[in-house]
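After this come two complexes, each holding chain A, first together with chain B and then together with chain C.
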Partner chain A sequence: MAYKKPVQKFTGKIREVTLGENLKLGGESVLPFYSFDGDTGHKPALGMEIWDVYPESWPATIVNELGDKARKPAEWAKYVEEKYSPDFICLRLVGANQDAGDKSPEECALVAKEVAEAVNLPLVIAGCDSNEKNGKIFTKVAEALPEKNIAFLSAVEGNYKEVGAAVGLAYGNIVVAESSVDLNLAKQLNILLMQLGVKPEKMLMNPGCSAVGYGFEYVVTTLDRIRLAALDQNDTTLQMPIIMPVSFETWKVKESVATEDDVPEWGNQEERGIAVEISTAVGVLVAGANAVILRHPRSLQVLREFINCLI
Partner chain B sequence: MARFLTIGERIHVISPVIRKALQERDPEPIIARAREQIEAGAHYLDVNIGPAEKDGEELMPWVVKLLQSEFPNTPLCLDTANTKAIEAGLKVYDPKPGKAIINSADAGSRIGMLEVAAEYGAMVIGLCAKEGIPRDNEERIAYCTEILDKAIAVGLNPEDILFDPLFVVVKGMQEKQQEVLDAVRQISEMGLKTTGGLSNVSNGCPKEIRGLIEAVFCSMAIQCGLSSAIINPLNKLLMDVIKTAEVIKGWNLYCDSYLDL
Partner chain C sequence: MALTGMDIYKLLPKKNCKECGFPTCLAFAMKLAQGAVEAGKCPYMSDDAKARLSEATAPPMRTVKFGAGDKCYNLGGETVLFRHEKTFVNRPRFAVLFSDAMSEEEIQGKIARMNKVNYVRINEEMYVEIAALKCESGNKDTFLSLIKKVKDGCKKAVPMIITSDPEIARAAVEECKESGPILFGADEQNCEAMVELAKQHGLLLGVTAPDQEKLYNLVQKIQNLGYRELLLSTESGTLKQTFDDVVNIRRTALLSQDRTLGYPTLVFVNLLSKDKMMQLAMATLFVEKYASVIVLDDIDYSLALPLFALRQNIYTDPQRPMKVEQGLYKIGSADENSPLLVTVDFALTYFIVSGEVERSKIPSWMLIPDAGGYSVLTAWASGKLSGKSIAKAVKDFAVEEKLKTREIVIPGKVAVLKADIEDELPGWKVVVGPDEAALLPKFLRDYADKKVS
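Moving on to the complex of A and B:
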């Protein structure tokens, strides 16, 4: 008898969510990259991070390459779009942090608007370290850029009403529901946002990210279980595409931060940072992430090749 | 693991309102009963038109079309012993929301319903009985196997059969309850799907405790592997118990609002 390859069929399917004008995320009805089982949906999207303030702590080659553009977010964004053409750009409003300038929500909205006007790529807006302030920042930014399918990172348990109402309901953008590596809470937050009236096609999720070596196994099993619930149990409350800000986590761990002088046996600092970023991104992509945010151009290049080789 | 399937039982000729509406082809009471069951969370609606010997072939298509035009996303379970009426209903049934279920075939005079199901691409409830209530589980499993053999012979996928071990009334057949649960377990262990009419269990009991009896029996049966049931979805306690059992079984991911869904 001829061998018949077994196929794992699921009843569920990840929703298709459009970032910007036409960057489609999700759509798969199989586990990540399981093209032998069925439809893998849209290719995972790769975004590049930029800041609204000078990125002093970033790797030297990036800062040197950017030069003066690193002080002008709109020019920075345009440069990234032209030089590296990622799938989207993530503007992170670090300058809203108290110790980095304490920018007002209005100032943040101005920067975001400039960046949005400078580029054609879809935009993701990430806030500062304060969830409370992010509620106010996102309201202003979403108001300045309504109905543009900009994703806002993130709505959390503490501010989901404010963020959901402004970003999702009033100004028709995309809400990213963020939980801290807790799959029950991930589901609960999605439900709360939907009960608020946010449409699932205007939602993404970030179920919590960490760098490899920092509780990463738990990040991966959480992603796994969310995807299995969405596909195998056809759980419609978990069928949103997943976006993960990988670079936010990987460039702050000691493997990326320690200088070569401090730990000579670890070798070149920038190479280490890239390695942590790439391994983390690959890990979350194969566990179910539909989009990742990266910092280093080399990481972008490697990840792109990785995805193209598998799909 | 797939979720527990609920089949709403409230469109039934035994109800005077429904009987009259079916006789007079009056859509309103039927639509109202369908709506309240769908809103309460029923996945399928059972449509019991009785034996309908005179006009079944005309009545079943009428009610199928009526419900499908009003509720295009809700699949139906066609319930009558009248084979011609079932066929007439299946001819007009739109399978887009899900395959129709025939209620029911058995190992006796109604075994031909398996062929009807195969012919029309429908699912079917396989009553593990021949004449009356099976005496014991030996009989139940024998009938189950007979149905399975026949189904395979006529080209019906075993996945499309919901085996009903025949739930029995607690008030009068109390000593048989554990046996029925064990039948659910045995059939489930054969990798087959199961169902049963929960109101059979509480029949004749005071109204205020029927819901409780059905809910408890259902949760015990789910633990034995029961994969669906014919129920009154307006019994909120039962619906909440089913949702909770699904969480405990690991069929649905827990979250604080799981009862709201």
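Moving on to the complex of A and C:
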């Protein structure tokens, strides 16, 4: 018998969504990196995280390298753009947390505006711990930066009406629909947002993320199932590109947090943190994420090379 | 092609003697068709029927073995492309590469690092299972001396002999055959001699060819030589092509139902990049999709922690949630005044938290209520972890009788439960612990100090 290479053709296709001026996500009609089956769409995008407050808990080399810029988000963003040129920048409004300054939505909007003016890269805005407050923050930020294709992380079941109406409808930005590691929940939230009037080309999804080792099998399986539903069953309510805030999860698990004094045999702490970030990011990209948010420049560099080798 | 229950029934002796454990031959045939029993359960089947059945009901991908004694591992045997379809069964094994062209120092350094990475995560012992031993010198004695060193140095690792020279391979097998080594690589030129050697010792044979098509032809040739204990690999020098190969070997077996490529695969990640973090990225890819042996240049905790954890996750059976039994658990020599902590019955959470409590060296109690087998926030969000479920556990496990303490430490992530628990448990005080278990040792030490003073 002669070898016949198998092919899997799907009828569905992931939507194209544009972040900022022209960072296109999605567009694939095959499983992630299956270039042997067909069109893999746009290259997965890599974003870098910055904060609106001093990143006390971050790895020493990053904090040292940033120096005073770590206190000025706009300068920080500009530095990241020039030095590392990621595909986008994610401004995370940690300062709006109750225990980190409790910034008002107006203050958040000011910071976001400064950052947006300092850089050319597309922006992603991530909120604080409180979904309720995020509704207010996102409304103000979107109002200050209308029609810029900025993605807002995230609209959840509890605040989607407010976030969807402000971000998606009134100010023409992009809504990220976040659900909890379940295909049906992801689908339901997408449908609710569309019923509200948000256009699917102004939507991304985050179906729930975790770090490798921490319930990550559920994350991978949810991604697998969502992608198969979108491609194989042509489920148009699940064809939005997926963005995952990998660094938000990986830098808080023990493998990244434990100091060398805590666990001497584990060796260099920063290297462990980078490794968990890289492995988690690859893990979700391979299962279906179209964009990931990273913290460490080394992770960015490795992920970029990895994607270039695979695409 | 798969046989139906009726097709199989026609092959059976039709005695209805029940010796197979089923009431009739037909019932047995139906079970066979589902792959739920083995054909061998019927003692009266003709050899011809047996052969036809085993061919038709054999799984699309063969399960092969390597190693010896308590270091014996299965590879392959996968039946699905996605874990939610059923489950992945035989986890990939990691290998570290040694070459006989390496300096003594380099060899000893690797041996030391292999031995250092050895720990337990959620009841599973983690270490590198394979020492990949490559003959680059072309010299038999040099190679044998490497094998000896690594064999003596890494007691846990099963050797994988890497050479294309059958003479050197034969001597190498002699040197370590008691540990059930993998023999790598049979190729177009040497396959007769390599198959004979593998056959003689019942070894798992690594097969290598330049591309998918040549591999396919080579496997046919080897199968015709009567050997089926195989591990496949291609010599594609790029990540992109190697990924293509590994995915399509798996799909040929499972989708095209062509068992010629129905064997597990091996990837030399170490040949695709020299950078450690790139090797990690690639190994992550191949743990998810779909390699069975992954060869790295080296190992340390920064690589092992994410890779072994990922592998453990991906190879968890989705139909069998990992739960621990509810109850009151004693950690260390806790007495009736020791701290009491509550967590959930999700195995992952329980083992992480109990590990940290042990590390703190503060003898403690852990109360595990019925939390549906979920993580802390999942259990809370689904209403399974509540004042009620915790109070119920306090009653069910007679905590008030066994302990004098009336304080209970709860996970920081569910601080909001404090008032609810105190309502349900009159006379008790709830103390909110840290968000992450990693902070528990410090927290417990401070907490115990405070209680004493």
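Definition applied: the second predicted complex is superposed on the first by the 307 of 311 C-alpha atoms of A that agree within 3 Å, B and C clash if a C-alpha of one lies under 4 Å from a C-alpha of the other, contacts with A are read in each partner's own complex, and residues count from 1 in each chain.
The rule we apply is simple: a contact is a pair of C-beta atoms (placed from the backbone, for glycine too) under 8 Å apart; a residue touches a chain by one contact, two chains touch by 3 or more.
Note that this is a predicted model, so its numbers are computed, not measured.
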Which superposed partner A:8 touches (first chain B, second chain C, both, neither): second
Which superposed partner A:87 touches (first chain B, second chain C, both, neither): neither
Which superposed partner A:225 touches (first chain B, second chain C, both, neither): both
More chain A residues in contact - chain B or chain C: C
Touched partner set for A:235, first chain B, second chain C, both or neither: first
Contacts of A:249 with chain B and chain C, given as first, second, both or neither: neither
Contacts of A:184 with chain B and chain C, given as first, second, both or neither: first
Partner chain in contact with A:195 - chain B first, chain C second, else both or neither: first
Overlap of the chain B and chain C footprints on chain A, listed as residue numbers: 225
Residue ranges of chain A in contact with chain B within the complex: 11, 183-185, 187-188, 191-192, 195, 225, 229, 232-235, 237-238
Chain A - residues contacting chain C, complex: 1-6, 8, 33-36, 180, 212-217, 220-221, 224-225, 228, 252-255, 257-258, 262, 265-268, 271-272, 274-276, 278-280, 282-283, 286-287, 298, 302-303, 305-306, 309-311
Parts of chain B lying in touch with chain A, wherever the complex brings them together: 1-3, 251-257, 260-261
Residues on chain C engaged by chain A in the complex (per definition of touch): 82-84, 116, 121, 212-213, 216-217, 220, 238-240, 243-244, 247-248, 251-252, 255-256, 258, 260, 272-273, 275, 277-278, 280-282, 284-285, 288-289, 300-303, 305-307, 309-310, 312-314, 316, 318, 348, 352, 375, 378, 381, 436-438, 441
